């Protein structure tokens, strides 16, 4: 049965407002809210830091929201506040970015696109396809402290070695081949340049963050560099580069779905129909999601976007 | 005449901020029932804690005609050092001691460069800002430290039993009172003002200006390390990207409190009110669901008002009295004449 | 003859100070006009109104028969008035050539003509007899050289009215002679010059007419040929000179300060002398002879390389003004506004800054005892003020000096070092200050006094030391010292 | 020779060349055209903004608002372009916006005599807040960037990136103005000795006002470069860039104490900082250490400048006394 959650107050908190990715994420959340007749408020800081988010979590506690759907800007710093919110009876669902595994008890469930390992290995497959399965590659990540990215990157290392014997990391290991652009266009661009000048023979760059992959694509285009670029990018932002062939393929889950499902999970938890225990499940729209180890519900494998489908997706998110 | 001066000096901007704070509290309580609650008060206190701690020495520095842009990076470095030591097996209590030593060292470095090498504090601390932040990443890289001992993080997170006040209040309140007394009721305070008005005249009045300012930077390092401890415990983790942007927030708060960027003038009251006011107004705006963008706009406008209002009042008064040209205030206090 | 300039009934007030009351000045073409008066008589203020710095409260100024338009400093320049201020106003970071032409740089079309500027300023420097490099920056220039640049700047204007406020104060005899040559040739070219100086012999040698001011008013104007120095002094001072220096007999005690062979590179060399309790030791010398530098070193503001300072039998540490203060040395510096006072701050705060330990209890300042001590001293010093909470920049120069004195004497020092005790102070206050110093000396205070005013040094001192170019060159007891031998020693002229 | 030694920019230029050469020995890539291209291209935005900041710092003021201004301007340009307006129109809007912010700063600093640090810190927040409010999560995509701009970003003239040429030409103009126009010289006089500037009849308020306004205008123009360079504009564009600009100026010998420094020096400063970034990367220094080295070098540069300037001062005094 469709959850009826009329009157439920739900807070939707991105890492930072004013970011296109989270605008899309919020779009899904709002759709779900309409369906279940809850009122959803989109709120959050302008800068993606834990302490800034904490101020808004306090607001959520103070205003006695029923549910908090949050993308964790810092996997540790917000945990104490989440625990307070939990103690105040607020059901918390992390979506898009989770808290540290050691703090999993602070939320009901985490709605994530796909297992970290899947996202990491998929990106390796994409770059391998682009470089023809050989050559040296590097990673252009977000902040050094970005938990999601770190988990994905950790999965890339062993996978590359085992699956693609003709490929290797520019710095020997994945750690030494990872550069941090801090999710900032300027810094990401500078780090892209640094990779190129430090490793002129680099064949491919994976950028598992929308800001980074965009900067990489733009810089590859302006410099007419031969290095292959892939990663996680919003189709609407990446479309020009895919259409003109700068980038063959990027992938991403659907952030709209991510927000959509998270709201359902939160509402179900509040209604008491969903516990968040491993094996339990909840319905979001037509689909049902069940919780796996770590208290996580996955959306499924990431989508990939290339010339064939970019036109469709760029209009959506 | 005498009467007029008295009136003028009694309506300084610092008291204006106090009035604004009262106004904010009154309006806040009227527009939202969530504002004037004990739990919200607890949040506000916790929220402004670190900024308050750093704003105290920053007030001394700015009144003395100097500035420190490296405080946020130094805070992060202290926090990272604590995290690093703890992660490498140092008992947490000792890790805190190491953190304080690191904090003192950051202050000593700034103090040395500014006072003994005679470099401009604005330029120097832009440099040390980058340096300290870099060291944070060298220490922790992409591995923030969590799972700190529950006893300690409890102090950072929980309230004092039976109250709505966080434990950090027990640290911050005395610090605020000490700073207030130091600045306005002791020799140290007088020296601070003297150094800011004219470091040359201060020197001639037998004040060891260099050593004094050096000590002031070291004290800033110490206060930063206390703020770092509060920060680390409150967020139950140590991360190299801690306290991003706190330097400008702190300086903005001090200036909004009526402290003159040129040095020599300002009150601790003004700064204390200002830090609380900024916390309170943020809370009110958030509780009535203003976006965080509006918050930035309000901060910027308040800052401009804080300098413009007293100045306009002064200009109006000057127009009535005389017509003597005063030189434009500039970035730094001391003019380098031959 | 047509008048170049006529100032009538000028009045100007600064806060509590009536700087000008009824000042009059008339200038004719082709004359060098001396403007004389005691410190604080209002000379600089009068000239600054011509420069467009101040606006008169009352009075009229006529320039070439037309009303002078007070329109800022630029306005004055455009009306043909060039001013050399008492204190040089150079831009330390700009070249000398540019300093000369600042604000009206020579141009080719729109752009600055650097080469021409350098050439022309080099020519001006040459004319003044000081071959400065026009392409060097002004930072680090000696006061004398700064003054030369200021003079070159005024010359470059080819103005009709050239005002020089004590241009020779920092110049050597040679440079002064050159300047006079230039002034005379300007006179030949048709300019009118106003010349302020405290050196009467210069005035007699150079000027055509003289105007004398006292307490903000013009007291006399006369052709130089009709006056002599005695008459001028009488007009300036308005009373007998001896009134000014009420020196009392003091019992001279033990040696308290012993300075042995101290040197500081480029400033002074091999200075040795002693000061005894109850004794007033005067140091005479030309401006720039390094007197201030010596006492700064003694007090610990500056370092010194060689030698030692012993105070009350204890060898003083270098560079520790705080220590010197606690040991009982007080220093009243020469530059009251920059070094002596915190101008925007109250009388109380200024007075108590040296006493903070004394007025504290358990480390906390006690406002009552702070105000008490300030009130007590302001009474002792006969300070004129509205409220002790008024900022000192509202006080007159003399009263400001009294605050500085109060601030130091209240520390109950054993040795008072005082640099130019009465610079810029009006006549009445001046004798009060002198009386006060004398009085303190009788109570056993040792005083080391620097003064550029010969009568003051001679009238007040038990012993007179003379410095020239960073060295102690002469030493006189009060009965031996007279204007001739002190000036001869200070200027290096052989008798 | 003596004149050569007096050029303030010389030591820092020598350091730049030395650093670049040493780094190039360790990594040949750096010493190639592409290395040079990276250097010029990567620093072009900062190089443009130092022209603005030098105007201000030389007067002993500071402008912290340029980061917010350039960001908002880039968005204004991008937004209007995506709405189908022509490049010139968009450019003009961006520049006018910059001029407006600069004029507000200038008005408050010059005529209200408010301290520039506080004023521009205020406008930094204010403009960024307005920008966030207007832009929200909006994103200007690279295909919406005016074609001329994206062409300039990806092409070179005689191997020199167009963006750098724009920055350099502007620097030449500003530098020439500051060196050779009376009103430009006034800026130095104001920063060198303010009371004396009043006495010399310099129109202090007017110059200050227009310098701030011009700095804003340059930041507005910079918006075009920013969107060209990164092919995007969004609410955090240009965030925090001001400190890098101030750092470049300081390293390039533009003294915070006012009165000293040239745009040319500031450009060298910007290039040096960029070289450090590139060189440390190229030499394989970990990114984590780069921040440390960068900060340390900045401090070293300021100290060196202090030592050099105090020594030249000392020799001058000695020359006079003989």
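Letters A, B, C and D mark the chains in the order given here, with residues in each chain numbered from 1 onward.
To be clear about the criterion, a contact is a pair of C-beta atoms (placed from the backbone, for glycine too) under 8 Å apart; a residue touches a chain by one contact, two chains touch by 3 or more.
Nothing here was measured: the structure is a model prediction, and the numbers come from that model.
Give, as an integer number of Å, the spacing between the C-alpha centres of chain D and chain C.
44
Measuring from the mean C-alpha position of chain A to the mean C-alpha position of chain B, what distance in angstrom results?
It comes to 35 Å between the two C-alpha centres.
Distance-wise, how many Å sit between the C-alpha centres of chain A and chain C, to the nearest whole number?
Chain centroid spacing, chain A to chain C, equals 73 Å.
Residues of chain C that contact two or more other chains, please.
Those would be 90, 92, 139-141.
If a residue has to touch 2 or more other chains to count, which residues of chain D qualify?
Those would be 132, 193, 195, 198, 258, 287-288.
Give me the residue numbers in chain A that touch at least two other chains, ranges are fine.
Expected reply: 17-18, 46, 144, 180.
What is the shape of the graph in which nodes denote protein chains and edges denote touching chain pairs (line, ring, star, complete, other)?
Shape of the chain contacts: other, as it matches none of the listed patterns.
Identify every two-chain combination in which the chains touch.
Listed by label, chains in contact pair as A-B, A-D, B-C, B-D, C-D.
Can you name the residues of chain D that touch chain B in the complex?
59-62, 108-110, 112-119, 121-130, 132-133, 193-195, 198, 204-205, 208, 243, 246-247, 250, 255-258, 286-296, 298-299, 302-303, 306
Could you please specify the touching residues of chain C with respect to chain B in the complex?
Residues in contact with chain B: 54-55, 90, 92, 139-141, 146, 301, 320-322, 324-326, 331, 333, 338-345, 349, 352-354, 356-357, 360, 363-365, 386-387, 389-390, 407.
Show me the residue ranges of chain B that touch chain C in the complex, using the header's touch definition.
1-2, 5-6, 9, 181, 185-187, 190-191, 193-194, 197-198, 200-208, 264-265, 323-324, 336-338
What residues of chain B sit close enough to touch chain D in their complex?
Its residues touching chain D are 113, 117-120, 122-124, 126-135, 137-138, 141, 248, 251-252, 255, 260-262, 291-301, 303-304, 306-308, 311-312, 315, 325-332, 335-337.
Given the complex with chain C, which residues does chain D contribute to the contact?
Touching chain C: residues 3, 176, 179-182, 185-186, 188-189, 191-193, 195-203, 258-260, 313-314, 316-318, 320-321 of chain D.
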